[in-house]
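The next part holds the structures, each set out as structure tokens.
Across the two complexes that follow, chain A remains constant while its partner is chain B and subsequently chain C.
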Partner chain A sequence: MTGRDGFGQLLRAEWTKFRTVRGWVIGLVAAALVTVLIGLFGAAASNFSCSGPNGQPCAASTPPIGPGGEPVIDSFSFAHKTLTGDGSITARLTSLTAVSSSDGQAPVEDTQPWTKAGVVIKESTTPGSQYAAMAVTGGHGVRMQHNFTGDIAGTLSAKPSWLRLTRSGDTITGHESADGVNWHLVGTVTLPGLPSTVQAGLFATSPHHEEITESFASASGTSYPTLATAEFDRIDLEGTRPDDTWTGDNIGDRSGGRPDGGSPTGFEETGDGVTVRGSGNIAPIVAGRGGLGKTVESGLVGAFAGLIAVIVVAATFMTSEYRRGLIRTSLSASPRRGRVLAAKSAVIGSVTFVTGLAAASIAVPLVRAVERDKGHFAFPVPTATELRVVVGTAALLAVAAVFSLAVGTVLRRSAGAVTVVIVAIVLPYTLAIASVLPTGPSDWLLRVTPAAAFAVQQSMPEYPQVDAGYTPADGYFPLPPLGGFAVLCGYTALALGVAASVLRRRDA
Partner chain B sequence: MKEALHVEWTKLRTVAGTVWLLAAVVLLTVALGVATSAAVSCSGVGCGQDPAKISLTGIAFGQAVVAVLAVLAVGGEYSTGMIRVTFAAIPRRSAVLAAKASVISVLVLVAGATAVLVSVLAGRIILPGNGFTEANGHAVLSLADGPVLRAAVGSVLYLVLVGLLSLGVATVVRDAATAIGIVLGLLYLFPVVAAVVSDPDWFDRLQRISPMTAGLAVQATTNLDSLPIGPWAGLGVLGLWAAGALSAGGLLLRLRDA
Partner chain C sequence: MEATIEVTGLRKRYGPTVALDGMTFTVTPGKVTGFVGPNGAGKSTTMRVILGLDSVDEGRALVGGRSYRSLRHPLRQVGSLLDAGALQPSRTGRNHLLWLAHSQGLAARRVDEVVERVGLTSAIRRKAGGYSLGMRQRLGIAAALLGDPPVLVLDEPVNGMDPEGIRWMRGFLRSLAAEGRAVLVSSHLMSELQDTADHVVIVGRGKVIADVGVADLIESASGDRVTLRTGDRARATTVLAHAGATVAVTGSDTLTVSGLSGERVVALLGENAVPFSEVSAHRASLEEAYMELTRDAVEFHAAQEGAR
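Then we have the complex of A and B:
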């Protein structure tokens, strides 16, 4: 057998079989169609009303955008002075506590792990503007944070702690000290294009107290604001500064800012010190269920329906050979049976990949346009991530098709094969994300079953400096994208191995 | 009709796969139910979990096998051409479909009842060890308890209705693989789509028409107010899906060539 009529011819034979059976072509077209249409439906059915307590317009629900383009929460109490050119700010934080009152009763001590207060240098008082901060936190020690996503751990956790930020051009350096004499470098960050005149000062903020009760019907949460009180002294601002007195601002305040009804947010000067009270958070917004923000992968929800169509087509691509006895002709034409399986896998894999890629590349921008039209904001992701989500979805469909083909080879019955593959890939995902199962078993399911592959669709990172659910239902998978995809590939390789072995041993 | 029943019963009884599939319904339902019961714990009063629902989680798994069983009862005949023989022997096609539906229902009823009884029993034994105790406000699972009995009986009926839905779909599309894809798509996809819809009205609407979510509402024994649809009404939704699929199948069976 020469090269020409070897594997190449086998591929052509299988491709001819595929494209001349109308049902299979219709099946793949249907897969692409449902992928796009269900995605569009999901977006179209995502109306939200903007009837806030003050009847704010929809625009008010659009969050500020951080320097990296990501939607952020930028809400804190800020006592600041103008600082021009290079300089530094030093302060000793002597006390940090937070209180909350869950139902309008007396405030109780309720310091959150990410309750934070310290010194900050910020581009302006506009929410979302650039900043670098040295902060003491409720449960994570001293941190240097900048531009919402940057977070560097310091070494101290005791109070009082001395904190210092030094500005030199675009570079901000953060130091910590236990005694004000021996200083330890925490980090150096760059705020590109930081204007010459900035605001330097003291801040305090504390995120909502969140309690998530998981039940089988749904996950319901209660959440209420907490108020941080931070006491500072030994404040020293060096550099060119035109004003002598502190200015107080509640940055990003939309509520009127009296979370516990008693002590207002803001600041007061006490002898040689300053006390700042604030509520909110300075952090990126985390995607999750119920949020108004939409991720890239929310446009690809239709891929689940597409997946089912692909599984049916791929399984019958093999089982129909058995049903019609065509397998005997196929195998006598190419007696090396492993190669028939390889050719079939290659054909179904590539055809599905192309179909999936087309569907995903149409669905994502189309859905995004509808969502934007509805007033949702999109979580921007780097182009590489968006590409990974789209190509990953196509690859997921392709590998699932090969998986289905291999299971079809082993079982030789289409109904059984389709069921096995759908139950292996789609059921675990449904159980995990539809809040049918609690988070623990859900995470476990998305590690060990082929459904782990949907991790390639996760576009949002987990932020260690933000406490959030990060559950599968919120779009966060326990495995990294490629790791999850590798789980599906592993199952597929195993199924192909078994298929090749039984194909060789069995009578056709 | 009696003759048709006898014919269908003989066919289904003598196909090797039937016994295995029925055994798989019981085994997979119980396995997932036991695994879930062992994995879920209740840490205190008002942990929000529903013990009856936990012990019956396996129904979500077992229904896939019920779908295969029902789809093969029709799809198998079409793939082998047997359907022509069947119709030649019993020309009243609706009688054939009705007979198939009855035989499938009885088989699923028996297998489903076994699976549900064992699942509830397993939950009764396992769950108290995970904190579902009287002290935390959970009585021991017992079929003498009204809502638990409803969950158990409802789950069996749920499986029967899934079988009838599958039979109807298979009769409409006449191809086993496509029918299975459609049935499992109908069951598993609604929750996935509902999860990305952020309009609460649409979310409720999807949950109410979803055959699986609405149908499984019958398993709820706590927090009935927060359900998108009442327990029996939810099972009724699945019943409508099944009735719709069966009537479409019956109609097409009359109109089309076999």
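Then we have the complex of A and C:
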């Protein structure tokens, strides 16, 4: 006797049942194949071309990489002096506005919520280098930000605001003050390995004005730059060389400077202050429909097709027993019916998990290679995240298979069971992802239906300090990965419970 | 385990339809017990109840003193064949037996043994979807024998078999009983059980009408009747009726006489110079005995329904 109370024998019997029907084995192989192939076709059919303004070479599709390994946009106007060793910079920001103009029209005020200006200590003027900043923003008050992903809220929002950064070794401390007398600590951050000589100064930047208009089955967006103007006075630097003067740089300027010299960005010294004008953003890049990068999960766009094959195989694994009357043979061989359901679930779940794991492990690196070859930028993600996306996709397929089996047990008809499960999982996912529905209904579908489990595929985090769509169509799910997966597990547990109950009560 | 099936007071209704109405009988080892009745009499339902597949409103069915659902390796105690067509068509016969063997912790070697015993070795690696009905019946018997069980429950195992297959099945069932197994075989045709069953449980409308040994059944159905073959039917009828016999015409030159012994019939015909070629004690076929029994049952039910 093997296994606890003969359950091992039951597992072995169900495994033998599964592997001896060629159609089911072929079905799972097909699930793996379509998952990989759809991903590959998608990548192979895409193209990426880029050219810079005025016939200059393209500024490359590869954005700078921040200290945390994430792609960043590091584009701002910087008036700076060299700071050696410990020191501090203090300034009062008296005014911050941003304007935009379209097609030669007169500029109109267009301050963005994340238009920002303030004091910054930065490792160097190289885009992507380490920094810590105290800034006043257009709509989010005073913030202390560092290394692109760090964001600490201050308490002030009125202008003028006093801002101060103090460096001590690797540690930078940020203070805010309404009057320059009473200072309030906003945060302390560490910039590991910050060199002794850094650049300290004033910055201003303002992100694009973006508008997305959604209607049924379509979404269109407009986007244009804005220009921030920030006025500073009461500037005080400690630790700079006395003879050092302000140097201006347009950090991360991809236009390469305008030949006509009419660039509106830069800085000018006023009577007792400095005015900085800048455009751009200092933030992590988020993925999206219009983005130039490809995420890890873009290699798994075929998973929904693989899922359909898995649903059919799993439902048929059970319903064929009813169709042929084989269920009586199965239940007379194993009269404890709950265990038959458990063994069947374990077998279909395991084989699907292994299949899904193989498909995802092949699809992700293969599709990424094709995308890179096509010139796309591939968003780097931590190995743990990539692993979660791959294993999560396999787990999603496995649990969906068990769900399908359970529904098949209740309905006893393959057509009905397959329809129910596809409508429950594949349809909401497709509607939400393919921009068929507006964001509101899409988010709702991805919260309440088992399709929520596709959240395991989201590899890019949402950043509160970056305004973006963060919609399902952009690859952002309303629930966190495990939360979304738990929704599918909940539905599956419910379906299994109902299946076990009817299987026990029903005459076979 | 004791090789018995004990069915006690099974009652089951599907809505207004009574499927089982106090079904009670016992199947003992070493015998083939025929389970006979018209379609819809409750034979298959009773078998499903014995195998723990269907629930009942009342009563119980025990196999070797235990309920089927409590058995740990049921196929080692009860082998069953309910529906020979219950196969996954794309799975080979051998793989069908293999998963069953695995479910009972039996080795693959056992599969080959039963396949050989039912004579299906040449076809066993083919897909079951291509099997003839007779091959499916043999595969079903092989499945039932897999666990070498002391009790066998077979629902219409010869249904659809060709004459050669039926002959094989009869001998096979007899040999299983001879090995000491309790064999319950259902059929809606009593003639199928001729020369096979030692005992019959005759059912109608969800309950047992007769539970009797085959020898006793034929004995009682034959009664003290005499078959007479004569060239002068009219005179023979007059003479014998005069002597107090009941005479029925059963053929162009045959009469069935009841109420008189064979010797008395011969004497009377001789005294009255009625020519005859044969006088023999009448022996009923199993089918006749069955018809006689069920006719009573049917009339009883018809009378009951007429009274409503």
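Just so we're on the same page, the second predicted complex is superposed on the first by the 480 of 508 C-alpha atoms of A that agree within 3 Å, B and C clash if a C-alpha of one lies under 4 Å from a C-alpha of the other, contacts with A are read in each partner's own complex, and residues count from 1 in each chain.
Criterion: a residue touches a chain if its C-beta (ideal position, glycine included) is under 8 Å from a C-beta of that chain, and two chains touch if they have at least 3 such contacts.
All values derive from a computational prediction rather than experimental measurement.
By the touch criterion defined above, A:P195 reaches neither chain B nor chain C.
With both structures placed on the common chain, the touch criterion links A:G69 to neither chain B nor chain C. When the two complexes are overlaid on their common chain A, residue A:L331 makes contact with chain C while staying clear of chain B. By the touch criterion defined above, A:I422 lies against chain B but remains apart from chain C after alignment on the C-alpha atoms of chain A. Comparing chain B with chain C, the partner in contact with more residues of chain A is B. Looking at the shared chain after the overlay, A:A13 reaches chain C, while chain B stays out of its contact range. In the superposition on chain A, contact is made by A:A305 with chain B only, not with chain C.
Within the superposed three-chain model, A:G139 lies out of touch with both chain B and chain C [touch as defined at top]. 23 are the residues of chain A that lie in the contact sets of both chain B and chain C, per the superposition on chain A. Only residues 48, 51-55, 68-75, 78, 80, 82-83, 85-92, 95, 98-100, 102-105, 143 of chain C touch chain A when the two sit together in their complex.
Contact residues on chain A toward chain B in their complex (touch as defined above): 23, 27, 38, 41-42, 45-48, 213-218, 220, 289-292, 298, 301, 304-305, 308-309, 311-312, 315-316, 319, 323, 376, 413-419, 422-423, 426-427, 429-431, 433-434, 436-438, 440-441, 444, 473. Contact residues on chain B toward chain A in their complex (touch as defined above): 35-36, 39-40, 47-50, 53-54, 57, 60-61, 64-65, 67-68, 71-72, 75, 79, 175-181, 184-185, 188-189, 191-199, 201-202, 206, 213, 220, 223, 226-227. Put simply, chain A touches chain C in their complex at residues 1-2, 5-6, 9-10, 12-14, 16-17, 20-23, 320, 324-326, 328-329, 331-336, 505, 507-508.
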